[in-house]
Structure formats: structure tokens, C-alpha cells
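One chain, chain A, links the two complexes that follow: it is found with chain B in the first and with chain C in the second.
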Partner chain A sequence: MAYLRMRGITKLYPENNVLANDSVDFEVQRNEIHALVGENGAGKSTLMKILYGLERPDRGSIELAGRAVRIASPLEANRLGIGMVHQHFRLIPEFTIAENVVLGAEPRRQGIFLDREGALAAVRRVIGEYGFSIDPALRVGALTVGQMQLVEILKILYRRAELLILDEPTSVLTEQQIRRLFDTLRALSAIGKTVIIITHKLGEVKEISQRVTVMRAGRVVAVRDTASVDERELSRLMVGKPVSLQVRREPQERGRPVLELQGVRLLVRGQDRPLLDGVDLTVHAGEIVGVAGVSGNGLGELEDVASGLRRISGGRILHDGQDITRLDSPRLRQRGLAYVPADRLHRGSSLKSSVMENMIIASHHRFLRGGVIRRRQAEGFASELAARYSIEGDPRVPIGTLSGGNIQKVILARELASRTDFILFSEPTWGLDVASSEFIYDRILEIRRQGLAILLISSNLDEILSLADTLVVMYRGRVAACLPNSGGLTKELVGEYMLGLRQEVAR
Partner chain B sequence: MKNTTLQRILGVRDFGVLVAAVAVGAFFSIATPVFLTSYNIFNLLRQTAELGIVAMAMTVLIVSGEFDLSVGAIYAVTGVVSGVLASKLGWNIWISALAGVVGALFLGFLNGLLIATTRINSFIATLSTMMVFRGIAMVLSQGQPISFKLEFFMDLFGRAELGGVVPVPVLWMLGWGLVMYFVMHRTTFGIKVFATGDNREAADLAGIKTMRIKQAGFLITSLAAGVSAVISLSFLKTVTPTQGTGLELEAIAASVIGGTAMSGGVGSILGTFIGTFIMAEVRTGLVLLGTDAYVQDAFVGLVIALAVIINVRLSTKKK
Partner chain C sequence: MKRWSRWGDLAAGAAGLAIALGLSFLIAVALIFLLSRSPLTTIRYFFVGPFTNKYYLGNMLNSAVPLILTGLGIAVAFKSSVFNLGGEGQVYSGALVTTVICLALPAANGYLGGAAALAGAVLTGAVLAGLSGFFKMKWGTDELISSFLISAAMGFVVNYFITGPLDDPANNLLASYAIGKQYFLSWLFPPSKLNSSAAIAVLAAAAVFFLMSYTHVGYEMRMCGLNREFSRYGGINVSAYVVLPMVLSGALHGLAGGLAILGTQHMAVKEFSFGMGWNGIAVSLIAKNHPLAVIPAAIFFAWLEAGAKAAMLHSDVTFELAAIVQAVIFYLVTAQAIYIRYRRRVKA
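Presenting the complex of A and B:
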């Protein structure tokens, strides 16, 4: 008899028409540690948000301990004994550990007074009961990431939760902290708690879980006993069969090196592992270098660094053989470096400004006369671009009213409008419909023919395998593999590099 | 870091403010001999009682992540309502004053309601209610000052001096401060105020009704405005519809000097109390030095800027 039974859960996000969960059946036994795995966007987080009352399913039912339940809010989830540790912590930095833990269910004195000693004692009791060692009087803002996570777990245990959901709990932790977390989870399971752990690190699945559910594209594709499945098979289940995109990449000679990263390191305070660790990477003219990796392995950091938005801690970046490591983004633009960011809504565009304004923002000086923008010329320029990129809608409306595909086209049009020899794409088709994606692919191949150097960061393996001339796989902030994409590459192989099952022989 | 006992009692942030208060006091004590006399200190505290009461309440609201620019106007409405009832309609002064304070609470309730229902930024929402409330005070008083004949009531709230030394407004301020201190630093309501201002999402997830907390904050500031208006009318024996102009900004300034973060989540009642005291020190000190009255505001402005700069430095160094 399953402890938790979710049946036929279906959830459509109407904003971008994504079917995040498609008739998902999910079961967890009492007392087990159950891993929920899948690529980014597979629907794991949506399913757990539904279980925790943060999202309502369009269809489907939930049974907990044999009883049908409706979970409309996290508070109700708490009452039912469900607790969740979010990937990004929800803590009050100015408060002590004890205050954070009791917040919302504080011990009181005479009805209104906060019983600080009582809170400390209660939290100390929980800490002792589960065998942790941390001082509940410490201020949360001064803790390490691993300790903050422990505070989140304490919050759940203080509320007497029976079912703990952990959303990618290890992504921010160091090796040692992961060991400690796993010991904790095993101890909790031993005393009768049930744990669901979301992850895409297969080694961790093998290590910690008894059973594993694999999701892909909003569906459950497999449920296995962890002992009976190896990492290669899990990896195959996660990435699925290759989908060939409708793009034709003609063979082409590559030119001079345009952008080079040499031994780039990125250290961040509070992280004892570098987020980028000695990354070497060269993008030649007329070449598409695809960077693949699972989130949390340095893709986002590479985007920040290659776009010049984040200063690196070591190594250097060259453009045309000249050191550009310390240049700011206006300088980089002057040199002809362009950038289409993953976060197209906040980083790529100014949502409340018009399409026209978004188009000219990188080159507005061309339309200035006496410090005033010549509107007619600017609008002419915008209409011309809109026609060339088949962008629907009036260039005078705010860009935020456009569809995701059209917004991305505006950004692309802007970035390619000025003289450019290098362009960085990050997740260029994420969340876009098929037609818009194909349009973007055609443009990318077109500028490759024109001889631009292209760095394509993407978690979509099909995209990278179809487009890239050279494939770089990132794992834990390092380049795990740098492979020419000449036909012999399979999704399985790349997946194994991405998940750390395989490493290129040390350089 | 070396922690003295005093520092531990006051907390690191409040300690910095206290040092500033002592430094400012020392400067004026050396510059003018009359500064450091019990008469002057109590006089200084008396003059600052209304501001102190409002500023300590404002701290609660700012910590929760909101502002109330209408407190000065609410202060005027309270005075005018009490004045019209007592002097023009001949009501009993106790009932008139009570009606004024209830009126103040009602206006605070309206502020909270406006922000809760429309989700307008409280800065702009209370800027508009400030003008509306000021208008109410103008209409009710017909733009004229109203004077009172008060006896015992006047003594109790404004004129009397305990033991011939401590003016009663100072006692009211200390009493109010004590209540605010317990509310903010000892009750579960207080911890919710801090949580709401520091990380609203986390507070919501913890089951705190954060909008209720903010609405309660508006009630507290309006009550403070009402109480200090009663103290003012008892001392001055007169009310004007323009009284309390700029009170809201001084209250915010005192709160910030005392270490309250404009972004919410950080602040202390004791800090605000000391912040109010610093502002009063500077004002009185400048008068005693014989500074031109026109220059005084400029100096107060400089002190605020300086205090905030130091504050930001201290709080960023900690992280």
C-alpha cells in the first residue's frame, strides 16, 4: 500500500502553452527514500509543487496514507505532514536559527509574548532528537550553505512532517556537506520518515535512494528499484531517443580564432569549489561551439563570464588575440561582441519599453541629433528589422506584449544589427514553439555561413548535437570533454559526460 | 571583535548610534556650557516627545517594509477634531481627545485598507492620503487655529513636571517607547514584523499573513500620531491645521539614523529613540550656539546624511 499516490496529474502552463505534467502517476512507499530524476523541464519540480500546494493541477488526484486529499496551500501541506526544502532557501537572514525554525508556529507566553527561551529549547530539542550539532542561537545570515539547508530541514522536522521533499538539495553543497546530508536523510528514513529527493545527479540516485522515478517531457517514463538499474540505463531513460531537428549544417572550413577563454576560473565566496575551474575554450570564425551540461555545473556562470557581466577570478579572455578580460560591456559591444541571453525577459529586453526602443538600445547613438532621438529614422529602422525577421506586431507596442518567440527575434535582430564577429547564445529556443525555434536555428546557421564565431550554451542536447561543430561538455565547473561533432557522437555518450559518468583523459 | 557588556545589551547596531549621540552631546557640551544641564536635557526631551512617539511607531512600519507619509496630517486631524469638539461644540475634553485619537486610528485603518486592496506602493499611497487628510484638517478648522481652556487634562498630558524636573510628555514618550519595545522585540507580532520586512516570501510560506502585519503597522503609526497630537495640544493649549507638517519625514529620518533599514527587516526601537535624541541634540545645540535659524535645517540635513552613510558602512561591513 503506497503512502503517497498521485494519479493522472496534469498541469498546463497557459502562459507558454507548456504541458508540464501529462497524466503523471507517482507513488512513494512509506519509509523509503525515493529519487525523482529528469532533465531540466522534465516536470519534476511542477509535480512536487503540486504536492506541496504551490500549484493546482488541472486534473488528477492525490492520496496520502490511503486518504484522498486536496492540497491548496503550503500550510495545508504542512498540516498533512508534508514539508519541502526548496532549491533556493526561504530563510530570514537577520533571524537566528531558532527564530527561523519556529516562525509561523512560535511558542508563546501569555498569548502574545514570544517565548525566546522556549523557542531555543524546542529547537535544541529537535536538533538533539535527530542527532544534529548546530547552535540554534546563531544568526542565519552568517551560516554556510550547508547549514542553511539544515535549518530548512529543521523547519520541517519542527512541524512534525512525515514526508520530506527536497528539491535538488545537493546542487549548492560541497562533497562533505552532501555526505552529511545523505547521512541525515538515511537517519530520517530509519526512524520512519519518507523522503522524496529531486536530482539529476545519477551517482546520488544510486547512493541514496531505494527507488527511482524517471520523468521526461512531462511524463513518467520509468519507475525502478534503484538496485536493479545502472547509471547508464538511467542516463538513457532521462535523455530519451535523439530527436533530429530540421536543420542542415553544411560542412565548412573554420577560420581564425575569435574568442578564447584560457584557464578561466570563477570563485565565489561561500562556495569552496570554483564555479568555473580552469575552463579552456576557443571559438573560431564560422564555427558553432556548443556547450552542454546539466544545470548547476557552470553553464550559467559561463554565460555570465563570456558576456562580460561577471569578472573572472583567474585566467584570461581574448578577442582577436587581444586581452579583453577587464573590459566592460559597452567596450565589448564596440569590439563586435553580441549576446542573446537565456533570460530574455529581464536580461535581454526592457519589457515596458517598445519594440522599437528595444531594437535601437544597442545602437541609439546612430539616431541621435543634438542629443535627441530622431524618431522617424528609428521607427524606419525598427520596421525594417521587424520585416526582415518577420516579427509580428507594431514596433511601437511594449515588447512585453509580444510572444516569447517574437521577443527572441527582436533580441536577435538587435544583436545582429551592428557589426559583429562573435555572438553568444544561451538557451536560445528555451520555451519557444517549433516554428520560432526553427527560425532561430536558420538564423544561427546563416550567420555561421557569414563567418561569425558562435558560442551556443544550451541544456537542450538535440539542439547542440544538430547545430554545433564542436561540442564542449561541462561538469562541475570543468570542461569534461571537448569533442568534434562529426557524426559519431550520440546522445548517450554526451549524456554520460554531462552526468559525470565519463571524463576525458586528463590533459 | 571585543564585546563590552554595554555593547551586548544594546546590540552592535544600537551601540554605534549611542556612540554618535554621546559624541554629538560632547561636542555641544564643550561648545556651550548650558548644553549639559538637566534643565536643557529635559527641555530637549520634552520638545522631542511628539517626534519620538511617532518615530518609534514609524520604525515598526518601516521594518515591515512600508512607509506612512500621512502621519503629520493625521496628527493635525486629531488636534483639529479634538479642538472643534471641545472648543466649538463644548464637549468634555476627555471625550473630545478620545474622539480625536479614534479618528486618527480610523485614518490609519484607511491607509492600511488602501494598500491592502490596491497594492499601491505605500510611499505614493500615503503621499496622497497625506494631502487628503491635511485637507480634512483645513476644512474642519476653516484654516484657523483653535485654542483650549484646559486644567487637569492639560497638566496630565502636557504641562506638569514630575518632581518639578521631568516634564510629563517625556514620561509619555518613555512609556510609549517601552510598549513599542515590547511589541517589536518581545512579542510574536514583532518577530512577524521583522520576517515580513526581511523576506516576505519566506514569511508568507511560514504562514504569516504579511498584509495583516502591514495593516497593523499603519494602525500603530496613526495611534502614535493621535497620542502625540493630544500631548501637543495639552502643552500648547492650541491646535492649528498646519501642525505636524514635515513630521513624517523627521520621523523617518530619526528611524533611519537609529539604524532602521529603508528596505525593511532591520531596525530597533531603542535605536530610533536614540536617533530622535540625536536630531533634538543637533537642533537645540545649534540654537544654544546662536546659529542663524535659517541654517539649522541645513545642519540637520547634514547630520542625517552623515548618520545614514555611517549606518550603511556599518551594516555592509558586517556582511
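Presenting the complex of A and C:
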């Protein structure tokens, strides 16, 4: 008899028409450690958010210990004995461990005063009960990442949780810290707690879990006893069969190097390892370089660095052979940087401004006369782009009133209008329907024919395999592989590089 | 559908403002009934008093002039998402510098000397507020705190000059020597104090409106105000747009102080400008940071003050009543503005 039983869970995000969970059945036995794996966007996080009361499913039911439950909020999840450790910690650095742990359920004196000694004693009791060794009077700001994670776990245990959900708990930890976390999880399981662990790392699945559920594209594709599968098979299950996209990429000679990253490093305070670690990458004219990887392995950082929005800690970036490492975004725009960002709604557009104002952000200098923007010309420019890219809606309405696909078209139109010899795309079709995606693929191939150098960062493997001339796989901030995409590449092979099962630099 | 919700937002905003204002009127009436022995007379003077003769009407419009300028100063800052809480000190310092320049040039041509005096005021305000912007750009210092602190300190400095070196022993006021007659702005509506500074305020509103809506600086300033990350991505020099709105905001505040000296006061009286800076925030909030709407909003605010004055002269209430009513409006309007902002953030 399963301890947790989720049945027919369906969740549609209407904003971008994504079916994040499609009739998902998910079961966990009492006191097992259960791994939930899948690519980005497979629906793992959505499923766990539903279980933790952060999202409401459109359909489906949840049974906990044989009773049907309705979980409308994290507070209710807590009451039912469900706790969650988020990927990004929710701690107050200025507070002590004890204060952080009791926050929201503080022991009180006379009903209104915080009982500091009581809090300290209670947390010390929890620490003793589970055999941890940490002083609850320490300030959280002074802890290591591994210890902070322990505080998050303490928060859950303090609230008497029976079911612990950990969302990619190892992504920020060092090897040693991971060992310690796994020891903790085993100990918790041994005393009867149930653990669900979301992860991308197949080695860890094998090491820590008893059973594993694999999700892909919003569905559960396999549930296995961990002992009976190997990493290769898990990898195959995760990436699935290749989907052939309706794009035709004709062979083409590549030209001079346009954008070069040389030994780019990115260090961030508080992180044990560099987010980018000696990345070398060259994009030639008329070439699409596709960068693939699982989230947390440096794709987002590569986007920030290649677009010049984030200063690098080491290495150089060259454009047409000239060093542009230290240039700020106004200068890069003057040099002709074009960039379609993954974050369309905050970086790529200003939702309250009109479509016209969004379209001229990088080019409004062209419409100036004596410091005044010539409105008619600017609106003419916007209408012309809108017509050419079949964007619905008046250029004078706020862009926030358009659909996700149309917003992306506005961004695409603007960036292609200001392009010169290089363009950066990040997740260009994420959350878009098939027609919009194909429209974008056609544009990308069109500018490739015109001889632009194109850097395409995407977690969608089918997209990369269909479009890229050269494929770069990122793993833990490093280039794990740089492969010419000449037909011999399979999704399985790339998946193995992405998941760290293979590591080499060919070419 | 989304379009409708946008209109809904606008309607909700207008309704919210109407409720806030209506509520403060109700509170005003309630206070009058509570504090006055002849409440009906008081209410009549309170609401209609400012319109009963030229003197009251002109004075009411004249007291709106500094509010238009400080309101504009706040609107420029808010539109760019920077906060200038140093209006009080910037107005007061501008007034002092104008007085000093006029006193230093007792025989200059009225137009040239006056222009120099106003330029001094504008520069002073711009520098005081610009400092906070500069600190923010350089070290990330919160401009909200630093502008307030600089302004508070300047208040004491100005007080020192007015009651110290500049104090005129011939008058019994805590005030400086009077400036030369050639600097007085011309009266527009005698016997009231309304003077040609009103025209300058209206021109300033038009200029700010033009700047924000039509020029490329205004466009970049608004885009930075709405979404700083998008602006940086688009190649706008975002750090400059922390400093520039502060400089403009300070300049408008300084101008308010300078014009008050040339137009109305003719000497720097200790703490004469008290409230002009804070009330500018309320005016800008009522106007929803729209430069042209600042004009009626400032007149509305001045009307309340003038009404209280009239009621005080003709009935039995004290001037504090006006202060209380203004405070109530200030709280309600601010709370409403913050509520709308909060709700948007929650929805986003």
C-alpha cells in the first residue's frame, strides 16, 4: 500500500499553453528514498509544487496514508507532514539557526513574546533527536552551503514532517557535502521518514534511491527499482526518441571567427566551484553553434556572459578579433550585439511599455531630431516590423497585452532589425506552440544563409540537433564536448554528455 | 480580455483615488463638526471660502505654485523609479541661495540678477539631490535615505544663515534682509500675492511633460523607471539614469524655493518653506506622477489649505485643522498608491 498516491494529475499553464503535467500517476512507498528524474521542463517541479500546495492541479487526486487530501497551501502541506527543501534556500542570514528554524512556528511567552531560550532548546532537541552536530546559536550567514541545507532540513523536521521533498539538493554542494547529505537522508529513511529527491544526476539516483520515476514532456515514462536499471537506460528514458523538426539545414561553408570566448571563468562569492570554468567557444560567420546542457550546468551564465550583461572573472571575449571583455551594454549595442534572451518578460521586454517603445529600445537613436524622438517614424518602423513578422495588435498598446508568442516575435523582430554579424539566442522557442517555433527556426536559418554567426543556447535537444552546425555540451560549467553535427550525432550520445556520463573534447 | 483588465486597473485606480479623497472630505467634515461650534458656517468657509474674493483666490493659486514645482520634481523622480525624499532641504537651500545672490548684487539689473539668483537656486537643488544619485551610482547607497539625511542637515545650515549672518536686526522676524525691489516678480492679480512665478511653474510643467513624453532622454528615463534590466539589455546607460532624474528633481525643488523668494516672500524667513517638499510628494501621488496633472493636484492641495485659512478667519477653528486634513489626505492617497503598487506586484 503506497504512502503517497497522486493520480491523474493534470496541470496546464494557460499563459504559454504548456501542459506541464499530463495525467501523471506517481506513487511513493513509506520510508523509501524515491528519485524523480527528467530533463528541464519535464514536469517534475510542477508535480512537486502541486504536492506541496504551491500550485493547484486542474485535475487529479492525492492520497496520503490512504486518505484523500486536498493541499491548497504549503501551510496545509506542513500540517499533513509534508516538507520541502527548495533549490534556493529560504533563510535569513542575519538570524541564528534556531531563529530560522522556528520562524513561522515560534515558541512564545505570554502569547506575544518570542521565547528565545525555548526556541534554542527546541531546536537543540531536534538536532539531538536526529543525531546532527551543529550549534543552533550560530548565525546562518556564517554557515557553509551544506550547513545551510541542513538548516532547511531542520526546519522541516522541527515541523514534524514525515515526507521530505528535496528539489535538486546536490546542485550547490561539493562532493564531500553530498556524502554528508546522503548519510543524513539514509538515516532519516531508517527511522521511518519518506524522501522524494528531484535530481538530474543519474549517478546520485543510483547511489541514494530505492526506486526512480522518470518523467518526460509532462508524463511519467517509467517507474523502476533503482537496482534494476543502469545509468545508460535512465539517460535514454529521459531524453526519449528524437523528434524530427520540420527544418531543412543546407550544408554551408563557415567563414571567419566572429565571436570567441577564450578560457572564460565566472566565479561567484559563496559558490564552491566556478559557474563557468575555462569555457572556450568560437562562433564563425554562417555557423550556428548550439549549446546544450541540463539546467544548473552553466547555460544561463553563458547567456549572461556572451551578452555582456555579466562581468567575467577570467578569460577574454573577442568580437571580430577585438577584445570586448570590458565593454558595457551600450557599447556592445553600438557594435551591433543582437540578443534574444531566455527571460522574455523581464529582460527581453518592458511589459507596461507599448510595442513601439519596446521595438525601438536599441535603435531609438535613429529616430532622433534635436533630441526629440520622431514619433511618426518610430511608429512607422514598429508597424512595418509588426507587419513583416505578422504580429497582431496595434504598436501603441502595451506589449504586456500580447500573447507569449507575439511578445517573442516582437523581440525577434527588434533583434533581427539591429543585427550586424552576430546574434545570441537563448531558449528561443521555450513555451511556444509549434507554428511559432517553426517561424523562429525559419528566421534563424535565414540569417545563417546571410552569413551571420549564431550562438544558440537551448535545453531543447531536438532543437539543437536540428539547427546547430556545431554542438557544444556544457556540464558543471565546463565544455564537456564540442562536436560537429554532421548526422552521426544521436540524442542518446548528447544526453550522456549532458548528464556527465561521458566527458571529452573532440574536434 | 487582458485589454479589459488594463482598463479595469485604470478604473480601479481612479475609483481608489475618488474613495481616498471622498473619505478625507468626510473626515474633514467630521472634524469640523467635532471642533467647531458653528459647523455649517465653518464648512461653507472651508470649502467655498477660497473663491469668495480676489484676495483669497489669488493667494490660493499662489500657494499652489511651489507645490506644482515640487510635485513635478517628485514626478520626474518617481517616473524613473528613484526616490527623492530631500525636497524640503532642496527648496529651503534654493531659497537661501537666491536670497544671498540678490543681497550680494544690490544694484544689478532686475532681470539679469534675478535670472542669476534663480540659476543659483536651481543649481543648489540639483547638486544636493544629484549627490544622492551619485552615491547610489558609485556605492549603491539608498538614495531615499541619503537624500533625506542631506536635506535634514541642510535645514540647520540654512537656519544658521537666516538667523545668523543674514539676520536683519531692523525687523522683528527671524528673517534675512529683504532683497532689492528690482528683483520682485510682477503681481498678476492684486491685491493677492499671485505673481508671475505662476507662469514659470506652468511652463515648467509643460517642459517636463515634453521632456518625459517626446525626447529621447525622457524615453530612456521612463524605460529605466519601468524596467531597469530591460533598459540595460537594450543598451541604455542605466547608471546615468540614477543620477539624472535626481538632478532634475533637485533642480525643480530648488527653483520652487528661489521663486518663492522672488515672487512672494522677498526675504528668507526661517522655515517659511516648511511642508513644500513633503506636500510635493502628495501632489505627485494624486497626479499619478503625470506632469500636467500635477497642476490641478497642486491647486487642489492649495485649496484645502486656503479653505482652512478662511474658515479660521471667519469662524472658530484653528489652522491646525487644515494641517490635520492635509495629513489625512496625504495618508489616504499614499496608502492607496502603495496598495495599488503592492497588488500589481502580487499579481505579477
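Criterion: the second predicted complex is superposed on the first by the 503 of 507 C-alpha atoms of A that agree within 3 Å, B and C clash if a C-alpha of one lies under 4 Å from a C-alpha of the other, contacts with A are read in each partner's own complex, and residues count from 1 in each chain.
Heads up, the rule we're going with is that a contact is a pair of C-beta atoms (placed from the backbone, for glycine too) under 8 Å apart; a residue touches a chain by one contact, two chains touch by 3 or more.
Owing to the predicted nature of the structure, the values given are computational and were not obtained by experimental measurement.
Asker: Following superposition onto chain A, is the placement of chain B relative to chain C best described as a clash or a fit?
Answerer: clash
Asker: Using the touch definition from the top, say if A:108 reaches chain B (first), chain C (second), both or neither.
Answerer: first
Asker: Mind working out whether A:334 is in touch with chain B, chain C, both or neither, as first, second, both or neither?
Answerer: second
Asker: Would you sort A:61 into first (chain B), second (chain C), both or neither based on which partner it touches?
Answerer: Touch partners of A:61: none, neither chain B nor chain C.
Asker: After lining up the shared chain so the two structures overlap, which partner does A:99 touch, if you call chain B first and chain C second: first, second, both or neither?
Answerer: first
Asker: A:141 contacts which: chain B (first), chain C (second), both, neither?
Answerer: In the superposition, A:141 touches chain B alone.
Asker: Check whether A:450 is in contact with chain B, with chain C, with both or with neither, and answer first, second, both or neither.
Answerer: neither
Asker: Which partner chains sit in contact with A:503 here, chain B, chain C, both or neither? Use first/second/both/neither.
Answerer: In the superposition, A:503 contacts neither chain B nor chain C.
Asker: Based on the superposed arrangement, let me know which partner A:87 touches: chain B (first), chain C (second), both, or neither?
Answerer: Neither partner.
Asker: A:486 contacts which: chain B (first), chain C (second), both, neither?
Answerer: neither
Asker: Between chain B and chain C, pick out the one touching the greater number of residues of chain A.
Answerer: Tallying touched residues of chain A, the top partner is C.
Asker: Give the one stretch of chain C, out of 58-66, 94-102, 148-156 or 184-192, that collides with chain B after superposing.
Answerer: That would be 148-156, the only stretch with clashing C-alpha atoms.
Asker: Where on chain B does chain A make contact in their complex?
Answerer: Against chain A, chain B makes touches at 182, 186-192, 194-195, 198-199, 201-203, 205-208, 265-266, 319.
Asker: What does chain C use to touch chain A in their complex?
Answerer: Chain C residues touching chain A: 2-3, 6, 214-217, 219-220, 222-223, 226-227, 229-237.
Asker: Give the list of chain A residues in touch with chain C in this complex.
Answerer: 307, 309, 328-330, 332-334, 337, 339, 341, 346-353, 357, 361-362, 364-365, 368, 371-373, 375, 397-398, 400-401
Asker: Write out the stretch or stretches of chain A touching chain B in their complex.
Answerer: Spelled out, the residues of chain A in touch with chain B are 74-75, 78, 90-95, 99, 103-106, 108, 112-114, 141.
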